[in-house]
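Look for subunit A in each of the two complexes below; its partner is subunit B in the first and subunit C in the second.
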Partner chain A sequence: MSVVSLSLFGWMVFAVAPYWALPDRLRAAWLSGVTFAFLVVHAPLSAAILLGFAAATHGFTRSDRVSGKTAFLLCAAIVLVLVLYKLRVSVRFTDALTTLAIPLGLSYYALRCVHYVIERYKGTLAPQSAQDIGSYLFFLPTLLAGPIHRYAPFHRDAARRRWDSRLFGEGLERMLYGYVKIAFLSNYVVSQGLSSLVLDLQASHPSASTYLSVIERGLNGYLQFSGYSDIAIGFGMLLGYRVMENFNWPFVKKNISEFWKSWHISLSSWCRDYVYMVVVALSRRPALAALASMLAIGLWHEISCRYLLWGLYNGLGIVAWQQFQRLKPMLPRIESPAAALALDAAAVLLTFHFVILGFVLVTEPTLGDVLTVYRSLFQGWP
Partner chain B sequence: MASGCAVSEVSSWFDDAERSIEPAKPFLVGPRSLSYGELCERTRRLGALFQELGLQRDDRVVVATEDDSAAISIFLALLRYGITAVVLDPQAAVPELESLIGAADARALLADRAVVARAGLGSIKRADAALIPIDGDRAESSFLGRLTRGLRGSRSPERAYPAVLDALAPLAQRPPDLPESTLAYILFTSGTTSQPKGVEITHRNLAAQMRTFVRHYGLGRDTRLLNVLPLHHTDGLTQGVTLALSAAATLHRPLRFRVDRLPALLDGIRAERVTHLVTVPSVLALIANLGAEHDDCFAGEEFRFVISTAAYLDEGLWRRFEARFRAPMVNVYGLTESVCEALYCGPDPETRRVGTIGKPVDCEARIVTEAGEDVAPGETGELILRGDNIMRGYFRMPDATAAVLKDGWFHTGDLAATDRDGFYRIVGRKKSVIITGGMNVYPEDVTSVLRSLPGVLDAVTFGMPDPAWGERVVSCVVPAAGRTLSVEGIAAQFLERASREKLPLEIHIVADLPRGPAGKVILAEARAMVEQRRAVPAEGGDGGIRERVLAVAAGTFKTDLRSLSLESDAGNTAGWSSLAHVEFLLALEVEFELRLAPRDLMSIVSLGDAVRVIEARDAGDRSQRGAA
Partner chain C sequence: MYAFLRRWLPEGPATMLVGLWYALLIVLVLWSLVEPQAEFRYVKL
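== the complex of A and B ==
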């Protein structure tokens, strides 16, 4: 099921149209019902898994205080299901599973469940009703491609929800931006325009061609995924919710830490709260925690060597930045505004290139191809 | 002034409600909502009940219930039929209820079943008074509740509200016109002393106040008023219930106020399209301390203004609040004796000057010397008020009435001054009442309860300035010889004898009280003693945790200490990166010589969280040391 499809658009209309005509107390139930129906029609296995996750999440966190053991076991079980699907484990009794792709939305709703369980363990959330947890997990706008929104702001939006023509208009506009990013900017301008330039240069300037092709893939990744997020956020607005932002101009950040605060924000902040902080709490070692977080981000995309390498690459980048922060006070202070501006520009370029060179690790099919690209980039210039 | 036999305007509110308001229009929105149609039908049924009980005009009926829907229905029905309502705090301690019910000398009591049992109302009421327990309206709203109504009725041998109304047909006849001298209600302004003061408000007083409110605030049928102040206080009762009825508006009371429910209350402002919020400065201070996610809580295009009532509104808080939330604030001044308000600062530019209580509206105000002469602008004197909104007197207390009502002028006991443009400013108080979080607390009441506790030799109570509460109730307690007291023990015993709102926020156990030659406690010295004790934290106490956490944060995040507060977090603090966050946590462990548990470490996302976690650890360590 693609985010940009007539079928999903039909489901959106079906969800929104009666939503505002219903009394407020029935709206959450309607939306959960439509989301469940959508899953049953398009991904029945995912519907069953999400139902199970929701029941377990509610059932095991009902007491006033959730023990560390309960939280750990519940999170481990949820993550295990996710990992098994990511690995496409083939065991006799689960043969059926191997024929299927990863269940629709599992990567996102599994992390939402873990978030809820850990917040209950931390005590920042009081026990919530089954209906409230259900409306959080069965939320059609973010089901397919995130963002991995959080329970407290979602619940607060539900309490503040009302018909607001301004927000509705904003939502339509935001969805339009998303469609334009995906269909026009990514699929047409970048994929066709830049691609043809890449092809034209391939024979005469192979390194420049490779460089542009790497940039093309980075830009496409950004436009596609931030376009999906725009559609999800806009769809949320149509229903009276302000879903968290997922991107914030990531390619103009001055360091890798800032980049990861503005790229797939909902995932990176999830990893900060539930991987980084857990590792810090257990080890008191920020560098180890940063590496663990970036590995988790990598493996969340796909459990494979290339994503493991990509996570490690970004993790080491952040560790290097952390070490640089410690050295920074010892460096001479730049007083001239022009020099500071030039330094900022250099920092943005460095970060941008660090990121897109990292993308090569996951966009090339084999490690050999990765090396070929790097060789072409660094050796083929006239 | 109108003559005593003029007709009460109050009846017209109900006439309008029945004739020209859509019956389905919500009157009360809360856990158990009431439409105008339901309200009118309910008041007529209650009219039939009052008739059956033989209640006459100016008879008094006590109402004490936690159920807003029941309290409001009964109060308005009493108002409509000219019977005097005496609304009491259902959570009041038993001695307080005994004292107030005794003073009210009521012909009937309608009270929560829990209150009836707790206070033994059957034995303390007047012998000929009817007692009707309230089961609460909430059960009636559920299908199961309606289905089992008959069963519940058969379980209760006595008649209870609301089941008692089922057998009664609503009175078909419109109630006859009432004279405006009819006593609308009595509200007691003090409780635990031997002679509680009941403020008598007539229909004329009430109608005058409502006319002013509706006109001055510009209220109408589109008004949605959010007011969760207690109904046994005038700010909840008149600036909520009767105001909504007289303006044909909707009253929102979605929940019983608790600090942790404040975010939910604010969320409701947007969802329910509230137009006005009526609240007290201490709640405004709490709102101002909430996180940035609440910045837009008053941003709905329909929201008009916040009404701050019942206590002194700090000018800094006022400016901060308006700047942050872009919500205009109307600061009002009044007393239970003036129905509710008398002076208004806003919403109109003619009465608005930030930091003042504005100007009198629909009543007269003067500032006078002890001799009763007017003072010059800028000079301080006692604020006195005259107008149709001033009470008839204190119930059965002619001397107390005469002491404050002189030639039609009510002496407020508040010291005030005007500026050159005629704006009034409160500068002090002649009487000893402490206004804390919008509640009037009489220090004598608190002291009297403290002195009655076992193991207490002596006590004194006074108010001290507090940024959140306006004033805080502070008590010093002297233990009897050979007795050891704990603050927790005193508080627990206090709550058995008096309501929570009177419980001092600070209790200091001291060896002796500073007294003058005549044996009277010197309050200035007692206050200085408290200041000194605050400055020097007790051994092993938690003094300084907040300051130390802020200092650690300032050092770690390389930021100015003055820019940090308990609300500071990664979102609003420069330098608070994920790396700096870890360094901050590690620095806290070093500073406080402890190792935080994973749950604690993961819970800290703001400086307030850090203080809470360390305070909890500190308290845990101290109790462990105590046990050892």
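== the complex of A and C ==
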């Protein structure tokens, strides 16, 4: 299913149209029902899995206190289902750009369930009713591709929910920006315009052509994913919810650590809370925790060597940045504002190139092709 | 967008500008949808 499709748009209209006319107590049930119907129509397997996850999450966390053993086993079972499907996809993987056969939204709602179970175990959440958990997990705006929003703010919004014309207008505007990013900027300007430039340059300036094609992939990735997040966030606003932000100008950040705090924020903050903090608490080694988090982020996308390498690449980037921070006090201070500005600009460019060169690892089908792209980038300049 | 424009403009011109802005964006989206779409998909649904 494409994000910019009449079918998905139709489901959005169907979900929102009667929503505000219904009595408040029926709204959550209506939305969960529409989401379930959407899944049954488009991905029945995913509907069954999510129903199972929701039942298990509610059933095993109903008591006042959730034991460590229960929480661990439940999280392990959810992650195992996710891993099994990811492995199946990796085995069948043929082309980076084809639609993959993972149940719709599984990568996202699995992490939501794990988040809920861990927070119940930690005691930061009280036991919730089946309807509340259901409305959190069967939430159409974020079901397909995130953001991986958290339970507490969602529940707070549900309790405060009321008709707000300003929020509704803001939601429509946000969705429009999302569609512009995907349909116009990414699928038309970048994919058509920049692609033809890449093709034109291929024979005369192969290195410049490869460089532009690498930039094109980075821009496309950002525009597609942040565009989808805009649509999801805007759709949430139409229903009275403020879903967490997923991107915050990632390509103008001055270091790789800042980049990862502003790219796919809901996933990176999930990994910070449930991978980084756990590894730091156990090992007292921030470098090891950063590596573990980035490997988790990589493997969450896909269980394959290329995503493992991509995770390692970004993890090592963050470790290098952490080590550099230790050396920073020993470096001479820059007093001139112009020099500081130039340094900031250089830092942004360096981070941007580090990130887009990393994308090559996951957008080329084989490691051989990755090496060909890198070779082409660094050879043949006049 | 409207709140942003209202910092500098009175209500009428701000409403008109914001209306034009949204109309332009809607036309761009519809126009790019009738053009051949590249099947680039980062978001794996």
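In this section, the second predicted complex is superposed on the first by the 370 of 382 C-alpha atoms of A that agree within 3 Å, B and C clash if a C-alpha of one lies under 4 Å from a C-alpha of the other, contacts with A are read in each partner's own complex, and residues count from 1 in each chain.
The definition used in the following text is that a contact is a pair of C-beta atoms (placed from the backbone, for glycine too) under 8 Å apart; a residue touches a chain by one contact, two chains touch by 3 or more.
What you see is a predicted model, and the numbers here were worked out from it, not measured in a lab.
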_I'd like to know which partner A:L104 touches here: subunit B for first, subunit C for second, both or neither._
second
*asked:* Contacts for A:Y85 in the overlay, against subunit B (first) and subunit C (second): which applies, first, second, both or neither?
replied: neither
_After the superposition on A, what does A:G221 contact: first (subunit B), second (subunit C), both or neither?_
second
*Considering only the touch criterion stated at the top, classify A:L176 as touching first (subunit B), second (subunit C), both, or neither.*
second
*Touching A:F38 in the superposition: subunit B (first), subunit C (second), both, neither?*
neither
*asked:* Touch test for A:P286: subunit B only (first), subunit C only (second), both, or neither?
replied: first
*Hey, which residues of subunit A end up touching subunit C in the complex?*
1-4, 97, 99-100, 102, 104-105, 107, 144-145, 169, 173, 176-177, 179-180, 183-184, 186-188, 191-192, 195, 220-221, 224-225, 228
_subunit A residues within the subunit B interface of the complex_ = 24, 68, 118, 121-124, 153, 156, 159-162, 257, 272-273, 276-278, 280-282, 284, 286, 289-290, 322, 325
*Residues of subunit B touching subunit A in their complex?*
263-264, 267-268, 270-273, 293, 577-579, 582-583, 585-586, 596-599, 601-603
*asked:* If we count contacts the way the header does, which residues on subunit C are in touch with subunit A in the complex?
replied: 1-2, 22, 25-26, 28-29, 31-33, 35-45
